[in-house]
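Given below, in the form of structure tokens, are the structures.
Next come two complexes, and both contain chain A; in the first it sits with chain B, in the second with chain C.
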Partner chain A sequence: MAESVCRTLRDGGLEGEHAPALTIKDSIASPFGFDVFCHVLTQLSSFILAGKSQSRGLVLVAFCRSPSFYADLLKSKGIDVNSSNKCRVRILDCYTDPLGWKFRLMGVGNLRDLSCEASSTGILCKDVKDTNKLYSSIIELGKGLVAEAKSRFSVAIDSVDQMLRHASMSSVAGLFSNLRSHGQVSNVFWLLHSDLHEVRVTASLEYMSSMVASVEPLQQLTNGQRDDSDKASLTEQNLKKGKFHVRFKRRNGRVRVMLEEFHIEQSGISFKSASSEEVTNQGLLPKVQFSLQLSEKEQIDRSNVVLPFEHQGNGKPIQIYDGRNSLMEGKHETTSVSAGNSETNEGSGGGEIIYYRDSDDEMPDSDEDPDDDLDI
Partner chain B sequence: MAATKTRGSSFSRAVSAATPSLAPGLKCGPNGTVFLSSGIPDLDKILGGGFTLGSLVMVMEDSEAPHHMLLLRNFMSQGLIHNQPLLYASPSKDPKGFLGTLPSPASSKDDKPRDRDTDQEKGLRIAWQYKKYFGENNPNFTGHRDDKHEYCNDFDLRKPLERQFLIRQHVDCVSLQDSMNLSVLLDHCGTFLSQFPRNDNNSSITTAGRIAIQSFCAPDCGYSNMEWHMLSFIRSLKSVMRSSNAVAVLTFPPSLLSPSFCKRWQHMADTLLSVKAIPDEDRELAQLLTGYQDMVGLLNVHKIARINTQVNLEYPFPWSFFCGCSTGNAAFMLFCSLSSISFILSCWSKLSAGSYDP
Partner chain C sequence: MDQRSSNLLDEALGLDCQTDRWALAGRVVAIEDSVETSGSFILHQLVKRALAPNSSTVVLFIAFAQPFSHYDRILRKLGCNLAAQRVNNRFFFFDKLTLQCPDVDERNSPVSGLVALYGEIQETIYGLPEVSRKNVTIIIDDLSIVEVAANGSSDYVLDFLHYCHTLTSEFDCTLITLNHEDIYSSTEKPAFLLQTEYLADILIKAEPLATGLATDVHGQLTVLNKGFNHGQMNSRNKIRNFHFRVKENMVEYFYPGSRN
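For the complex of A and B:
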């Protein structure tokens, strides 16, 4: 649920606790992670501007888009980055000159200074390989944004993939855990393209985050099972909408799983609750092939079955048909007949076969086990 | 469960002259082993007495839940209460901060006789679903209940451990981020363990030590992608443990290792436990379990240490347990055993990736 995700980020973390962290991941099958990232960014910025969130400012580390792109994006949503007095967003520009090449070329005297563009909204970073420096720049920007020492700020990193190109996994992980445990950071979120990395890398980032949001296609394309027209229509469908799947790690140690559908439109991305029965919670119980449950009708039928040796009564002793007319019934019917004729039946005429069993003396529903007197 | 009562035979075991004198907090076990408590009474019972001295206990974490921290907290607190030296290593920059979260024993003055039906007690307790069918013939819980000499305490997670315990025993804290080189950490452990050498001739054990290593392969540690080095560290640690009177508990998130290494690490363990999170608002599970509201996770016992013996233990494997904390502020844990669905959960544990097949 995109709303719950944004709300959790807005609420931030408690004192002494690690700040909540969100990983947004997508893949080539449904490449809309960046749209989700922008959505979360704009939502959080509007919360910050309206004063509804724990954090008072946002530091955006821009790797894959220029700062002007973000300035325009936020402006289109009504958030003005460049206004000096109410500015709540600072951008750490790792896009323009990540490895410091232009800076060095400038030193040789060939290029003009290109860093003026970013100066009003943030700092230019010239060495993204040094994660310690990156960390201190983020903290410096954040502290500059929120004047008081106790206020908090959010951090957004638009592409972890770019970071991992230049720095090792352990240093990036160290940076994230330092950010999360810094007292002034309210929340952190980042975007990752999961198919660009080994499983271990994605697993490490999920390990460090408290919410994992994955962008998935509505229906997976399976190879070889569909013909081309089907595949084309599926791909087209996947390019317009998809599934937004979120796993929340709650404070009490439980995991909440939520699912939504999203649509890509001109104005951006929109979310709505999952239409079909897609909310398949990965329950802990494995699905077995046997149907172990009873339906309502089956339960009623089962309770109606009279078991052989049950003494259910109804006031009368149970009459079990055992191949002859019972003496009881005979007694009822012959009340009108003379008492001596106990063996005769209703006597509706005609010949009757009267058969006396050896076990006549026995009560009809004796629970004795006839095998009891076997002596083996 | 197989009976281990002796049958009549013409051989009789030579009874040793005297039982070894043990420091408080240690208990004799079968086959010449000595146990120390895990800090959780029912876990001790399941393991047959506790953690065996000289063994390596490994706990497989779930990356989605912090339940392994609860196990570590109880383990560490129990050691401090029994005045057993402790070495704690964690990936955070300041491991000392964790010591502030160690729980204190629940006050034993007002719960004698111990009544298992009062589940509302604060403190660590296991509630067995079928407890009414088990006889109350457990000698561990009768007898005098002096806090210091009790083998295993019930801990109240809401109360922090008193400072006197932390000061009395210096806790050696190591940050795993500092050790780029695992051999430095191994040397540190070796120095710590040299305080408790195991000497077979000497039958009295004056003190035992505890090592707690948390999240050993956490991604922010420099060595986290050097899988062979980490495996070699574990093997060396295990061999040093064998010659000392100590127990090491090492937790790790198996999802961060490659599958083959995950299996190798599991084989390295003497005692292997795993914790797993419970999904929230899972209706099927809610119907299946009573007290679902109070539970937050699963504890699985995959392997129990077999030291000095070739005999398989009596308990059927794997057993699955539920651990929980109440919602809200009060934090007590209940472990429930559900033998009827342990079969289902054992199937589940085999289906899930990276599980251990004994």
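For the complex of A and C:
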């Protein structure tokens, strides 16, 4: 399913539609959004390099890691960013000097040289507060990547949190929707730590994306768990694997939700489909210690039980007492109680029901209310 | 008792390996403590460890909480002479007890406040000889007071931390910060604390015992090593929990129940 996310990004958008956008979100209980981001990034860049995707290049806006980190990451997957002839990835460096502090210190004479490690692969952004400039830099880098005017490129943003720290929600949202509606952008994806923001911020970013991948812990820590060893083992479990929820939104408004499990391994992150049984169990039933479901044998046994209101069809005429025929039928009965009329049923030889009528003048099953003349 | 021998904390931080390289190079360590259990002893231990004679680490200590004489006294008890290390250019002390950032739009004003502090740190690192430039440890004591100095603007402090973080990737510096967990406990979403946790590769929490006070146990440490460091994957996502007892000239670490 992580695969289908990458595939959707690879296939890109249609002419005259917004480019598909992916929000990757996590929280501190399972802080592996960055691993997912790196996974998507490497997958997509290898698609681009192989020429399999709609986009012909990728612009990476680096906020939280240095460009050299990404260069190493891609190189470890066999993608060389620095080789000039096949360079398909450009990095907009918002990490080294996002607010221009280094530049200003250089002006005062405190600093010798601003190490411009980004120069070979991308450009340095010294004022991330200006989203308009950020937008034009991204587009400029992308256009430089793809030679022809018709070709498209992908955009990856590694931290929306930092963008939101420097700029208002509306301007960040404006930047994203501008990117999505730009004719040459094939797809956009970004990473967000959801617990750093208000719900409305997360929600509005999710509205703008056609896919939301959320990284969640397998089991939530509750405040009730005071036992420290318990908490520690649970935390450790959450650090090894977790749930990976993806919500796809189709153009026609259909929403599909899928669940997968991820494992953190030495070499990175790997995805495994969660079995369907687990999914329904997790979704519908609360976690209890006893079994709420029947085994197959129990189900067969249950279906064999004849309920008392069911006609049992054992050959005898079915008699339903209506209160009138009792006298006439009483002659056939072997047992009769002298004090009154009785109705017995000895069909099955077991128990019997004995009914005494108070008097003969009483109309059976009268519609009248017997307590009609009561005067309280 | 041989004080050089590794203890549980060193083990959890990967400092027990006998390598020339400082095991924390390029990593961010966040220490969180609470009122009942102070975490400052971890800073002292790390300073001592970094300034040990067999390592070549240079420590940049940015003090917002205590004056130099305070640290000097404590470290002397631990067997480390800060004044001498200062002369040797192994220990740089930034006395920022009275730092107050001007409350104006810092974009147009001359360099001041945390920008100037960052400039000082960077200048110090550039001034170091090439060899020791690769082994710098920056220690900030503590972030809550930095926030006070920044007039409560946590975004400003986060920007400052980001710039310090750029040093970790540029020079393989270690960044160690101390913060207090419980001062954020009333906030529903403690964004500042969470940000520092996201930034950290190693998170050390000093907490009181859940069962209450004890005479021979002073608290517990939880070390969460989640480092995303391509070189050292082996200690990734390990969590360790142990008790400690702070003594006059050393700290004892032990697993719960392992002492008689």
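The rule is short, and it goes like this: the second predicted complex is superposed on the first by the 271 of 376 C-alpha atoms of A that agree within 3 Å, B and C clash if a C-alpha of one lies under 4 Å from a C-alpha of the other, contacts with A are read in each partner's own complex, and residues count from 1 in each chain.
In the analysis below, a contact is a pair of C-beta atoms (placed from the backbone, for glycine too) under 8 Å apart; a residue touches a chain by one contact, two chains touch by 3 or more.
Values in this document were obtained by computation on a predicted structure and should not be read as measured data.
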item	value
When chain B and chain C are modelled together on chain A, clash or fit	fit
First, second, both or neither for A:K75, with chain B first and chain C second	neither
Partner chain in contact with A:H263 - chain B first, chain C second, else both or neither	neither
Chain B or chain C, by number of chain A residues touched	C
Partner chain(s) touched by A:E236 [first = chain B, second = chain C, both, neither]	second
Which superposed partner A:K52 touches (first chain B, second chain C, both, neither)	neither
Touching partner for A:G174 - first (chain B), second (chain C), both, neither	first
Minimum C-alpha separation between chain B and chain C after superposing on chain A, in Å	16
Chain A - residues contacting chain C, complex	28, 31, 34-35, 65-66, 68-69, 72-73, 76, 95-99, 101-102, 104-105, 108, 110-112, 115, 161-162, 165, 193, 195-198, 226-229, 232, 235-236, 239-240, 264, 266-267
Touching residues (chain side chain B, partner chain A) in the complex	63-67, 91-93, 177, 218-222, 224-225, 253, 255-258, 277-282, 284-285, 288, 296-298, 325, 327, 344-345, 347-348, 351
For the chain A and chain B complex, residues of the former touching the latter	168-170, 173-174, 176-178, 181, 200, 203-208, 247-250, 252-257, 281-286
Partner chain A, residues of chain C touching it in the complex	110-111, 115, 118-119, 122-123, 126, 155, 158-159, 162-163, 166, 169-170, 189, 191, 194-195, 197-198, 210, 220, 222, 224, 226, 228, 230, 233-234, 236-239, 241, 256
